[in-house]
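Here it is: the structure, laid out below.
Note that the chains are named A, B, C and D in the order they appear, and that numbering of residues resets to 1 at the start of each chain.
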């Protein structure tokens, strides 16, 4: 992949002191030395925004009190100085208005998932993206792992045959008690419907599982039957749930996720079986993809090996055997997005490998999934269609 | 465990030349040198029955043409010579009549699962067992693994707290193509409703998953919503399916099984999470039980270790590090059953550890499960109760 | 494999109440229902021998006070009644005299390893085996695992190319404290030079590692440099050691074993690399053989799969996914040995697959290895040849 | 850990276009957004140096033709503009002269390993470091992994008891053929004694294994017996070797490394056993540390968990379950080093956690190890002391 000729500049919305995912985005952006943070509206508290920016070596005048101010002031800067894209890392309820403001202000957008607070917003956002013609990236970061791309490319290439069954899981255990009552900021907003949306676990991690399944198989979920539960007394949103899946074309499957599965860390994993073979990937050992056959030994595909697909090969930074992790996968989204931003700025066709990152379509699907899960569960797990 | 004073004698129904599970039962029975095969009705073909018996060093006069003949002739032998229990290893449709004949002939019964062809038979059989007062064992063999017993005992002891979630899986891949058309006997009867019952994969392996979940958690499934599928064209029974579970007391879960998951062998596994901890067991690495906690490192329990529960300790034959497998687990059921038979014969109280094997209650639950799965799936995955 | 027409009869030397390995041999012999225990000299204490035999349902007259008596009395029985082979499961110092007595009494011998107390005895025994023309099997049981046979066959077939490097390990932790002082019989004799021989850990488990390496690679160790240690104060024999290996043909390697590696169970494992590929096998997960290549994904070979070598295929009893363990591997030696005994008795050529068990040659190599390790270590790890 | 108030500035020697490790150092330095690359002498070819710098967005005037020029010109810049430390990422033979020039020019040094071309240089360098009072960091990057720090801290805290045995391995397979003849730059200099030093595999990876063993155990290797080999015909340096180890205080062990172990990636791993417990760490699954006990289940320690030591906790960037990899571990060295540089610049005491990175002492030990290995092997694996 050719190097950049200049760093791409971005501003951040959210991610002030004490935030978790903001720091992840900044590391992801910084990793390849090709993207530069130039401004931010890091907090709804103006002083906190300035302090957070100072921690990041930003001059005070580019640490804004609101994202609205940021869009306005940055737009007024010279073209070679102002930010080129906005990274949105706030709680969910701010995703839509901040993205809308950025796009309407003429800035590309990279946004944490889920795309919006509800499906209506997501559809509206898709319209704005289409109208502005600007780039929109969504950090369904697990698709940035090399072996996830390899899985997708093998299935797309027909190596497994027609897909029959998909099992995707995302168990966590960190909310097994009422952590939101203990002052933990990460737990508090995620379990508050006004900030998180209609779903708790399904908004936070279930949507990652849905995205991963659709990304790897290339198949859309056509309908689902969901049984979601709030196990921790007094919690306002679901903390666990089990879903039957039916995919277009006849594949079936199961999706389950949980935040009350004590002792589980971030155990996202997926298994897919087709008529000719199966595959299995676990986020806990992300550099391995196990591929299974009916008549020969299972194979262990590994990151950076010479036999990988071009997209999988492009997604690693070191030779085989140097474990690449969560931050590298996340950085792959930023690297591709920045390449795309540059190509647009330069008026050239982007390398197709670099347009490989989740987009607004993923956001709309994700919100449709969340709403379908909630609706199905309210109707005692009746089948509910995802028709977007 | 104290040794037997004499070998326990048994006869076998089914398991003639070319059968699979019959040989497994015989190895299981023979392993500890405490149980002796003395007769059999190995095949519905009298010559084949004799030939099969000859392979097993049985005298021709104790190789019977039918199980009815076996019950009658054996009953006529002197008490210290005739068989003491009958092992039934036929296809499913023979389970009930053979068990009935044995019990009514005064013999204890050890039967392969599922217990019968349908729930009505299972309930009828339960009555006969109760009326005769004889012993009935069902080879839900996975409950014979030391670490499965350990899991059960830890949950029963409250170590994991109140159970919230259960995920149990049994994927196989051997029926991913229409094997029943190729002359494979094992595939043929399993996919024939007249011999297998109302379900294919769910009768063969789904019922093992159900049994394992109820055994380990000590909780009964109260209702389920099932979506089962026949992926291989022209097959008469299901070869895959996904089920939402609700347990008495509020736990929820997922059960899925498959015989079209290419590359999977016999990948039965279970995960359970309670309010305080979780555990995980896989039949592919059966001597390990992983136990997880919220605030300390996960622990790796291992077969034969000094810290195990009495039942888990009693279920192994060698010191830690000598892998014990499928046949040993199976043998544990036979060993316990034989001890129980002996205690009854001797008119003494059995050691409680030796009555730890699946019984007719497991059989009734299993058949109720199978019927509920089929009924729910026919009703498009509507919730269906298991009220037995 | 064709079935036996009659059971093969054997007698046991050692293995009375409280012994460990005797029970393993009996289970191994019993498993396939083809071998029958008919007599024994189970203990040097005549009453204990009788009691032990009674536990095993033997008539008192065939429970002998000494192995000498057993050879004599059994020889006097009718040919179709007397034992056909002797299984020797005593501490090491009895292996040679009992085997000698059996062979000279006209009986085939199956003996626990190591073959003898020292190399001189092993050479003498090899002569007696040759002179009598009788069969001698040695229970280097790990060679009975299907995947060990597969590894051997792949290397013999040249799939890995010329072998360059071998790493073989056998760590245990059970003697990390002075267990021999606590009344534990297993620990006591193993750490007593008069009963165990010149080496402790190396006699008990190091010789297994040596045998596995030579079995799988087909290469003889030509010389070694050993540094062995007694970590537990007051212990009379080594409890740990590290050895550099040089093989005929230029391969090099490392062998280390230990009985003070706290927390290790029976972690025998081997890795071999050739010019074209590598392979890896662990006794803790014995049904998996990992094979590695330079330019394609590693492959996971599994017990019972259709693609295995004939010897590997013949060594399993159940379809893929039914874990086969230590006892099944051990039973494979007995099953092959019994087939060979029968073929000799019947005066027919044995099926070549059934002569695949360790023999006196393995015993001589093992004793040469033990003596070389001790000699090298005494000479501060100077290179010492194994020239037998 | 408190944030920086300004970015730390560094210059790089080596790491021009096509280099491997230079890019790794730059990612490691960039990851936390706290260190800034301001200049470089990226190549001995002046134009290549400028081009490489341009790829990294550096102005031409700070892309130097030689490291000598860089030291001189940078020293002449204003204090708040010039580089504060030098990162040396050249082949081994340039490590010493470049480090010497940097230190004598008044700059702190971060250097790739091994520290120098031979032991004499390393000792000389240690003197210069001591005399200048400047900071010197050595990128034995594997010590940057959180679970490696945890292992060290548990042993230092006595949890495993007195250490008895250490097994450390570093197998790779990438040089199984004569790659250095195919134009591969990475292979070419590593197998050239003038650039790599007296050892091939042992200089490149064996020294990492030695460093890891001494780091984790806190014990120095006192003597060793090495048998190293060049398997690939015509290669000038060793590509494989096996070493017996003796540590101060009586522990013993084995170290082996290889670059001809086909199919191995970067499989560095270590096992340590003490009187009370054992532990095991593998670079292929770096976020797991397995700890073993004699009387209770093994424990699985995981990165970012609440129960870790302060140093292990400080070494991770994300919550449990977000795999951290090679680049994060590498970045931990840079982060600590930069903190230390800042503390020195600010004239304050550094936080003790931030001085936790390998230093010149590790470099001297490493070179002594390499020389001892080569000397021992030349003397047919005779015991050779490491007395530095």
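Just so it is clear, a residue touches a chain if its C-beta (ideal position, glycine included) is under 8 Å from a C-beta of that chain, and two chains touch if they have at least 3 such contacts.
By chain, with names taken from UniProt: A, B, C, D = Oxidoreductase.
Values in this document were obtained by computation on a predicted structure and should not be read as measured data.
Hopping across touching chains, the smallest step count from chain A to chain D is 1. Contact with both chain B and chain C is made by A, D. Each of C-D and B-D has its own count of C-beta contacts, and the greater count is at C-D. Separating the CA-averaged centres of chain B and chain D is a span of 55 Å. In terms of their C-alpha centroids, the spacing between chain C and chain D amounts to 44 Å. Within chain C, contacts with two or more other chains are made by residues 264, 291, 298, 302.
Residue ranges of chain B in contact with chain D, taken from their complex: 290-291, 295-302, 305-307. Those residues of chain D that touch chain C in the shared complex are 160, 164-165, 167, 169, 171, 173, 176-177, 225, 227, 229, 231, 240, 242, 244-246, 252-254, 256, 258, 260-264, 271, 273-278, 291-294, 298, 380-381, 383.
Residues 3-4, 6-7, 20, 23-24, 26-27, 30-33, 37, 55-57, 172, 174, 264-267, 283-286, 302, 317-328 of chain A are the ones touching chain D in the complex.
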